[in-house]
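Everything below concerns the one structure shown next.
Labels run A, B and C following the written order; every chain starts at residue 1.
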Amino acid sequence: MKNDRPTGDIATALSLVTGATILGGIVLACRKPHVPVKKPQATVAAARRLNRAAGTLAASVLIDSAIEHYRGNFHNKAMITPLVTASLSLAASLHGTADSKGEAHVIRDLIYAGAGLTGLVGTGFHIFNISKKPGGLSWQNLFYSAPLGAPAAISLSGMLGFLSERLRDSHPDMPPKILGIPAGRVIGVMTSLGLMGTVAESGLLHFRGAYHNPAMYLPVTMPPVAAALLGASALGPIRRHGRLTRWWLRATALLGFAGTGFHAVGVARGMGGWRNWRQNLVDGPPIPAPPSFTGLAMAGLAALALLEDHPDD
Amino acid sequence: MTDRYPGYDVLAKRRTPSWNEPTRQVVNRRLAVPREPRYLTPPLFTVLDAVCQRILPQPTDRPPVPLAALVDDKLFTGLQDGFRYARMPDQGEAWRRGLAGLEEAAEAHYRLCFVKLSGEQQDDILRRMERGELSGGALGDMPATLFFEHRLILDIVTVYYAHPTAWSEMGYGGPASPRGYVRMGLDRRDPWEAAEAHDGDETKARLENGFVG
Amino acid sequence: MSADPFLSDPFAAPRAIGGRAPDVMKAGGWLPMKQHDNNEEVDFVVIGTGAGGGPLIARLAEQGFSVIGFDAGAYFRPLEDFASDEIEQQKLYWLDERIIDGANPIRMGGKNSGKAVGGSTVHFAMVSLRFRPEWFKSHSLLGYGADWPLDWREMWDYYARAEKALSISGPVRYPWGPKRPRYPYRAHELNGAAEILARGAEAMGYQWTATPLATVSAPHGDSPPCVYRGFCRFGCSTNAKQSQLVTFIPRGIAAGAEIRDLAMVGRIETGPDGRATGVHYHREGRWRFQKARNVIVAGYAIETPRLLLASANDRYPDGLANSSGLVGKNLMTQSNQAVFGVMDKEVRWNKGPPSLSITEHWNYEDRKDFHGGYCWMAQGPLPVEWATIVAGSRKRWGAPLREEMMRYNHQVGLKMVGEMLPDERNRVTLTDEVDQYGLRIPRITYSWGDNDKALIQHALGEMERSLDLVGAKDIFRQEDDTNHLAGTARMGSDARSSVVNADCRSWDIPNLWICDGSIFPTMGGVNPSLTITAISLRTADRIKALAKRGEL
């Protein structure tokens, strides 16, 4: 049986590159002259809400990947990467949330881009990891090997942050656009896709748990509706379902927190309960995972606000 | 024998979630087994003791396992296997005959009692029994090989590997309830499992084994 | 037994008494239990509360019959009574003396028989497999053994019900046999030993799968998910294991069944009309008699024939239900040989249930020159068992034994479960020695046939090749092991060649039933308990149907 694992080195190299990029960015940012621009308040507010959403996702990823990679004993040095990027993304998001200036921030930008990249690379690693397991792309490996969907969450955080920066960058006198498309629509569609991805991940893991508790159906029923409503608003006429969409997104945001509560109860139900936390925190339902729904719902709300502030139809 | 799991002591986990109350009581009782014979006569017990040292020579750097006392305890409490070969007497009788048979063989071959023999000589007698070369006398109609394999070896090996000293030396995680294990894959160790010393990193393993709780 | 005043001794006195039974899910907990008087003629007495007895006790009670389940063993609460210890937990086994002989004597005790409320399922390894459909007609379809009077399609339904009732955790897709519904719970994560099996199977081009196990991978009722402690064969102190003790027995009690623990049945009484009238049992120091309209024997393949033979009387001088002369004959066990080796990597095979992966390749492949099939599974023996294997199979003692034991965490193994063919010379008889109750102890005679030996050699070769392909070193064979029992009261379609009919009803005495592993006409190449449970569920339904038609 082959047991050499070259991935460790590749990953270390990659994290070095990422680190260097970020560092370079910091240097660049320090040199950039500061030109204040006046932006409509609403756009900046939306951008800050996106930062908050990105931060919520980053926090969820940070703790979740810390626990999961601790289980994996960090046997591969690259497993530290998501912790670093998620921390940076969280920091950038906190900074962005507090920042009411109407322009993008180079460091935040770089960090967000790095987060997006990390997620992609991570997905690659996880696919590689699964392909090495006997059975290949089987249910068994989807359940228990490196989770395919998890790294995408850090990408989502990066993406939301990146979009937030684009918002701040948009032309002050026109409705905000990203790549020439109304910003609300872009963010709405991306968030909607992100929600569906997260639904798939929780669907997979709840299937692994055999939906033993009816509440486990909530994250595979509520968020898809939110995603559909948001997607419909982002792609079609905005006003039709505005109120419903908003309330549904709010409920989804709450669901994320409620999920954490449910998962905490699940951990307590493990053998030995909290006294056996070193096992149950890792083997039990992941406490930090559900708030990723909250983060995405927050982004959806921001998109919805943009769409309503700048109706383009 | 080099220490593969330096510094690992399974008893260090006794107060952690890896041990439940029934397990603590069971192991406490085992560690406190009376060292004097309660079933065998003292002369036979000394033969048993000598046999045990040949069957399972003990590590010098870990607490010794009172093998003979543990075998005697099994006979005393009458814990049975659930079966008996048709050609074998019950376990107590088998042990009495078997030990007496060894004593007789020692006299016959070396004109000394078993405990006075050198290690090699004792092994020689034991091998003769294993090969079925001893018969009659105190053994009676009990087949020597059957006694050796299914009574003598089985009982001694069982009590040794049911003892924490053995668990520690072989790096076995030991009792595991309510806490079980998390890291299931190859080459993965939970923080409460023994760390193995690989070439040149004995210090690292020793350090990790200091934290197995 | 224990110094802690909170913990009581399950052996000191019966626990299921005084209108209550232990709540197995809570230390010190109790459940209300209905009780019957000895003189009350109950509808059913069930002797044995294991894979065969448990489901019947529950289902009959749920159908409104009055039922008493007797077990010679203790009524454990796993949370407070089970230690993580190979020696202490022998209290789950049937350790009363039995004489073994023949060319290949079967070692009893922990290898094959339990003595506890819940029977052998309290310490079984939880592997829950279905028969290959053809095995129900192995004589007519495959040319060996005997046909069962059951149809596999009907069995497929009952398997599904058994799997549901036991919350089996199994793979999303099972690679062999006809389609089956999805297992109620998802399969468990593989441990290192299971991964080695998988890699070996893939290297040979065979399919493999995560094993369907009766231990939950997610919470179920009061059962927390499995914590992978690996002491399954010594009782699950987590209560993740879905033994009869935590599934059907509590269900039965809730439905009004009574359980009598530490109650050894010594004799079944028959009346002037030749029908069974009740059972003599030993409890709390003396013999008692319980009246019953029907008696169901479910004591497994040694105790069932022992009880039937010991109940001989003037009317039935050869023992009850024995007009065919087959009671005690055709005893079967399963070949349980293994191949072991050492890996460079740390495997730590004691983590998790022992048999997390399996290949049934040779159960479904007929191109071979012997009858019957076999599967093999990953292994994870704990130190005492491992030491006895090394000492026994490699004849090691002294320093070489200790040296070899040091490799424990690197060891891997594959263990077969193979079909042995029925042979009338393999049998259970009574000796003149008596046990602690004054009952004659059984003699178990067993010799392997040529086909058995050929199958074993084939399997050993295959398993060895598989381990070799994954780079295991210092490979050796464990040649002599057997596990699981069946036969001794086979079912069939006529009274001359079998003891019971398809409904597990004895041909000779209409109110005497036998429903446990003893009724197997052939053994099959998979672990037997799921089949026993499925048949038990079927029997309960049949009894209901017969009762409705007034044919009890």
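By definition in this document, a contact is a pair of C-beta atoms (placed from the backbone, for glycine too) under 8 Å apart; a residue touches a chain by one contact, two chains touch by 3 or more.
Going by UniProt, the chains are B = Gluconate 2-dehydrogenase subunit 3 family protein.
Just so you know, these numbers come straight off a predicted model, no measurement behind them.
S.K.: Considering only which chains touch which, label the overall pattern as line, ring, star, complete or other.
M.R.: Contact pattern: complete, every chain touching every other.
S.K.: Return the chain label for which the distance between chain Cα mean and whole-protein Cα mean is smallest.
M.R.: When every chain is reduced to its C-alpha mean, the one closest to the whole-protein mean is C.
S.K.: Using Cα averages as centroids, what's the distance between subunit B and subunit C in whole Å?
M.R.: Inter-chain centre distance comes to 30 Å.
S.K.: Please compute the C-alpha centroid of subunit A, do the same for subunit C, then give the distance between them in whole Å.
M.R.: Comparing mean C-alpha positions, subunit C is 50 Å from subunit A.
S.K.: Please compute the C-alpha centroid of subunit A, do the same for subunit B, then give the distance between them in whole Å.
M.R.: Centres of subunit A and subunit B (C-alpha means) sit 56 Å apart.
S.K.: Tell me, which residues of subunit C touch at least two other chains?
M.R.: As it turns out, subunit C has residues touching two or more other chains at 189-190, 195, 227, 238, 345.
S.K.: Identify all positions of subunit A at which a residue touches two or more other chains, and write them in rising order.
M.R.: Subunit A, residues with two or more chain partners: 3, 271-272, 276, 279, 283.
S.K.: At which residue positions does subunit B touch at least two other chains?
M.R.: 177-183, 187-189
S.K.: Could you list, by residue number, the parts of subunit A that touch subunit B in their complex?
M.R.: 3, 71-73, 75, 271-272, 275-276, 278-279, 282-283
S.K.: Under the definition above, what is the set of subunit C residues touching subunit A in their complex?
M.R.: Residues in contact with subunit A: 171-173, 184-187, 189-190, 195, 198-199, 201-202, 208, 210, 217-220, 224-225, 227, 238, 240, 344-345, 470-471.
S.K.: For the complex, give me every residue of subunit A touching subunit C.
M.R.: 1, 3, 133-135, 139-140, 143-144, 207-210, 212-213, 266, 269-272, 276, 279, 283
S.K.: In the complex of these two chains, what residues of subunit B are touching subunit A?
M.R.: Where subunit B meets subunit A, its residues are 17, 177-183, 187-189, 191-192.
S.K.: Which positions of subunit C touch subunit B when the two form their complex?
M.R.: 2-4, 7, 80-88, 90, 93-101, 105-110, 113, 189-192, 195-196, 226-231, 237-238, 343, 345-348, 350-352, 382-384, 386-388, 391-392, 395, 397-399, 401-403, 405-406, 408-409, 443-444
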